[in-house]
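Two complexes, one shared chain (chain A), two partners (chain B, chain C).
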Partner chain A sequence: MIKSYITRGFSSFVAYVFDVPSRLLAFLCLLLLLLLPLVIKGYTAHPYYLRILTGANILAIFAASWDLLVGRTGQISLGHALFYGVGAYTSLILATRYNLPPWVTIPFALLLGVLVALLIGLPCTRVKGPYLALVTMTFPLIMYTIVRSSLPKIFHGELGIRLPFKKALFPFLHIIQQRTAEYYLSLAILFISAVILYKVASSKTGIVFISILDDEVSSKACGINVTKYKLLSFAISGLFGTLAGCLQGYLIRIASPPMFLLTVSFIPIVVTYFGGMGTIYGPIVGTYVYAMLDNFFFDVYFPQLLKWGGIEASTVLGYLELLVFSLIVLIIVLKWPRGIARLVTDKLEDLAEARDLDERGPRIWKRYKTKGQ
Partner chain B sequence: MLRELTLILVFGTISGGILSLLALGFTLIYGVSRILNLAHGSLYMIGAYMLYVFTSIFVPIFTSFLGSSFPNLDLVAAIFAALAAIGFTGGVGAILYIATIHPIIGDEIATMVSTVTSALIIQQIILIIFGSTFYPASIPIQGSSLILGVTVGNKALVALSASLILFGFVALFVNKSKIGKAMKALSQDREAAMLMGVNTTKLFLLAMAISAMLAATAGILEVTALTGTAAAWMWLHPLASSFAIVILGGLGSIKGSLIGSFIIAYSETVVKILVGGAITPVVPLVVMMVILLIRSKGLFGKRVEMED
Partner chain C sequence: MHVLEVENLTKRFGGLTAVNNVSFFVDEGERVGIIGPNGAGKTTLFNMISGFIKPDSGKVIFRGEDITKLPPYEIVNKGIARTFQVVRPFRHLPVIANVMVALKSPRGCRKIEWLKTMERKAADLLEDVGLSELMLEPAENVGHGDLKRLEVARALATEPDLLMLDEPFGGLNPIETEFLTKSLLRMHLDEPTRSIIIVEHKLYALMKIVDRVIVLHQGEKIAEGKPEEIVKNKKVIEVYTGGVI
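Entry: the complex of A and B
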């Protein structure tokens, strides 16, 4: 009885995964991420790598939430750092000042994040396009100044709030086990939120979002309550942005004013351009590319390359890092504006389509080819 | 109280005049080509740095040609240096357009990303060449005069009048000359303008170069009149203020940018003098947000058309 359920479940799962090549690719990527801690176990800097990967998972949630708002609904937001900072600050203030456990602080922070998102979403009923981009940009900058220079008892000024080790999520484990547990927790949350975001984006609501992106006036003419759906996309996006902030608070264990800076708001934009706009999986792939470039390439290999080139100055090295990184971003934006991840999946879908057409017979195949040309 | 009021009036006017040039460049390139150029602050910074570079090149050359007894040799060299710096920055703006904006023109978010990365690249190049120290850059105009009981350096007055004259000149150019009329036509309806035989790429390039030159002029006048030094992080604050001004006055409106820059400059000076310097950077942003919530297209802006 149970065995038959398992076999049936397994076979339907296999059919689901192998049906579409990009689904298979996503599954393989998930497997790789699950096995990654075992792969890097041999290195001495193992906990450090785990922490970088955890940070990448958190950033991926953040970037995917930005992508739902901008890539799907077309509400250009340059101030997504607001949600990130609000999540981290709320959860850590509640945890350190009022000694509340994470299962109280995180839902409270999420609620606050949604409220903030609705508050910011309200101007979007009046403001459009570049104006909206600039309005959203101002909120985190204002928060940055507030957090840095007022109410030092609550916000602790420039230093920010640190979560004591005792209050971390897994205080009873040894450091390596703790980091591994944190990594798997963040990966699980990333997977769940990515699935939710993807389902939202491909649901009926998601189609309405795309219609707003394509032509707002026509959607309005079709009887869609545009304001409601815009606010909805702000709320969903704010929810997951705040979730990323809470994870940052509990896993990286710090909330500081620089979280509100413009550079933080630009990370999801850059990452989404790496991966591909409006795809949800694009920003996640892009985040991993970004994290690898940022942490492994620039911290490990780049100094060696420079050493071979005969440069050893330390301050110039730091400047050169950001220079080369910006150049890479620029080249990617100019060369592949549709993103790297989309390039791969497009190729795969094309191949699959070609295979299907081959099976169905030469006549359709020929027609497809002439149509394609 | 009266003294504070006159201080606000005088210094607000000076910084408003300089800001108006910065905002004019920003609004010009947006109005003509719908490019939100986030590297505008970097062009301002390049202007200030190049003033330093060209001054240190020109002073020895001028001394060897004219002899050290020539009157006001420093001043003459600095003025030529300023002109060279403005020209250089115009070239940088044109190169930026060709290399980073032209391939993706029409895609708003991609343009923002590419211009912000170019701003970072420029900042890093300047850090690598000059380091993170402050550089003295200024046009040496001596003396000071008394206005409304406040002592103001002559260089600030020269900067104010120069910026207002240049603003008038550019506004006249856009409104009266043939090229300016073509730019206006492009901002009103790009397709119709193209049908009338307007070469868009050429005009975008020209608008970008003019906007870069205006930014450089604003940078030079700012370091001459107010700060006196150039630093590698001086691009972010002017960028935020020019955003605020341009949004306040309406994107693409020349009259709006003049009035907006004075509103922003006065409110900034009020806060700086009455409250203190720490929260000054936020002031333009708050003013901008309030105005936008009251009037969503800015004071003089036209409707933002959606994608057609």
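Entry: the complex of A and C
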């Protein structure tokens, strides 16, 4: 009885995954990420690599949430660090001052994140284009000044808020197990967030988001309350941005003013252009490439290469790293402006089209075809 | 009963008076054409009725309700849909999704019938204007004539009581013009209570559709009447030919 359920479930799962090539690819990527810690454990016992990968997972949530707001709705935001910082500060303040566990502090921080998103969304829906970018940029800078120089009893100024080790996510585990647990937790949250964001983006509400990106006047002429949908986009984006902030706060066990800095806001922009704007999966791919380049290549292999060339790494590395990375981004933006993730998905779509003409485009159009006949 | 009443509408852009003290009404099921030379204020009048531009003075009354100060999307949800002179499709979206945006509005949702999905409804609307073939094509790949018809389908998606078409035949070839004329006439038979206002330069196509014509010149209403009266009106001929004849 139970066995038949399991086999039936398994076979329908296999049918679901093998139905569309891109779905199979996503499944393979997930499998790779699930198996990665095992590979790393054999390679080195150092928790460093796991920490890097966990950081990449969290950054991927952050970048994907930015993509929904900017790539889908067209609300150019240069201040996404606001949600990052609000998430980290709220969860850590609640954890240290009131001794609350993560499963209480994080939902509370998410609620606050959505409120903040709606609050900044109100002025932001009234401005457009470059002005919107400037307005969004100011909010994290205001927060930076506030947490750094006012209410020292709550924000602890420059030092930020430190979370004691015993209040971390998995304090009872050994360091390597703790890192592994953190990695799998962040991967699970990334997977769920990405699925939710992708489903929202390809739903009928997502269609309205794209219509606002394309032509706001035309959306209004279609009877769409543009302000309402923009606020919705801000709220969803803020929710997942705050989630990334909470996780980062718990991971590095510190919430400090630099979390509100402009550099934090720029990371999702860079990785989204890298991976492919408006795709949701693009920023996730972009984040992994960015994290690999940033941490493994520049911190480990690049200095070694320089050493063989007879150059002292410590003197030039700081500049060269930025230069090389900027060059890579520049080349990608010029050569493949649609992002590196779309290089693969476009190929897959061509394959699917060659196999069956009905299978192009998101599932929503296909669903019409099957239902309509 | 008057569906739409426009009372003394005036709009000034700096020193230029684009629309000057224009009043008219539209009855239920009536098809009204607005004509006039370039710069006569036709599009400004349209924008004021649909709420995209707020008038300096005057009132727009729809079904006995003052809608002058309402935002554009609320006016659409009251039952006035419009198209644009220059096509404004959602270029990233497939043609069918363009229509689905309008179906997602409160009025569009309300009109979706039991057991009829949004996709099915959108496909039916596209079939009415003859775009079924291009349904899944992204709007950026679709030609200008087809986009004009897409605009009409999108406006019809909210099931308006008053449909306002801003130069629906602009840039269409004779065959496309013929097709759109026919589908508008057919729509009038299907929905006899729906009123239509058309702004158009192609008078030949327009005169076949409308019951009444309003002529604007330099922001003022200079004539109003049946199509056959208007083409004989001396003042109108003078305006259109520059007073040579």
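What we mean here is this: the second predicted complex is superposed on the first by the 351 of 373 C-alpha atoms of A that agree within 3 Å, B and C clash if a C-alpha of one lies under 4 Å from a C-alpha of the other, contacts with A are read in each partner's own complex, and residues count from 1 in each chain.
Going forward, a residue touches a chain if its C-beta (ideal position, glycine included) is under 8 Å from a C-beta of that chain, and two chains touch if they have at least 3 such contacts.
Since this is a predicted model, take the numbers as computed values, not measurements.
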item: Touched partner set for A:Val208, first chain B, second chain C, both or neither; value: second
item: First, second, both or neither for A:Val270, with chain B first and chain C second; value: first
item: First, second, both or neither for A:Phe10, with chain B first and chain C second; value: neither
item: First (chain B), second (chain C), both or neither touched by A:Val217; value: both
item: First (chain B), second (chain C), both or neither touched by A:Phe18; value: neither
item: More chain A residues in contact [chain B versus chain C]; value: B
item: First, second, both or neither for A:Thr145, with chain B first and chain C second; value: first
item: First, second, both or neither for A:Asn225, with chain B first and chain C second; value: second
item: Touching both chain B and chain C, residues of chain A; value: 215, 217
item: Complex contacts: residues of chain A adjacent to chain B; value: 70, 76, 78, 123, 126-131, 133-135, 137-138, 141-142, 145, 149, 215-217, 262, 266, 269-270, 273, 277, 315-316, 319-320, 322-323, 326-327, 329-330, 333-334, 337
item: Chain A contact footprint on chain C (complex, rising order); value: 50, 52, 71-73, 76-77, 81-84, 88-94, 96-98, 100-102, 104-108, 117-120, 122-123, 135-136, 154-155, 157-158
item: Chain C partner contacts - residues on chain A that touch it in the complex; value: 204-205, 207-208, 210-211, 213-215, 217-226, 360-361, 364-365, 367-368, 371-372
item: Residues of chain B defined as touching chain A within the complex; value: 30, 36, 100, 103-104, 107-110, 112-114, 116-118, 120-121, 124-125, 127-128, 131, 236, 240, 243, 247, 251, 278-279, 281-282, 285-286, 288-289, 292-293, 296-298, 304, 306-307
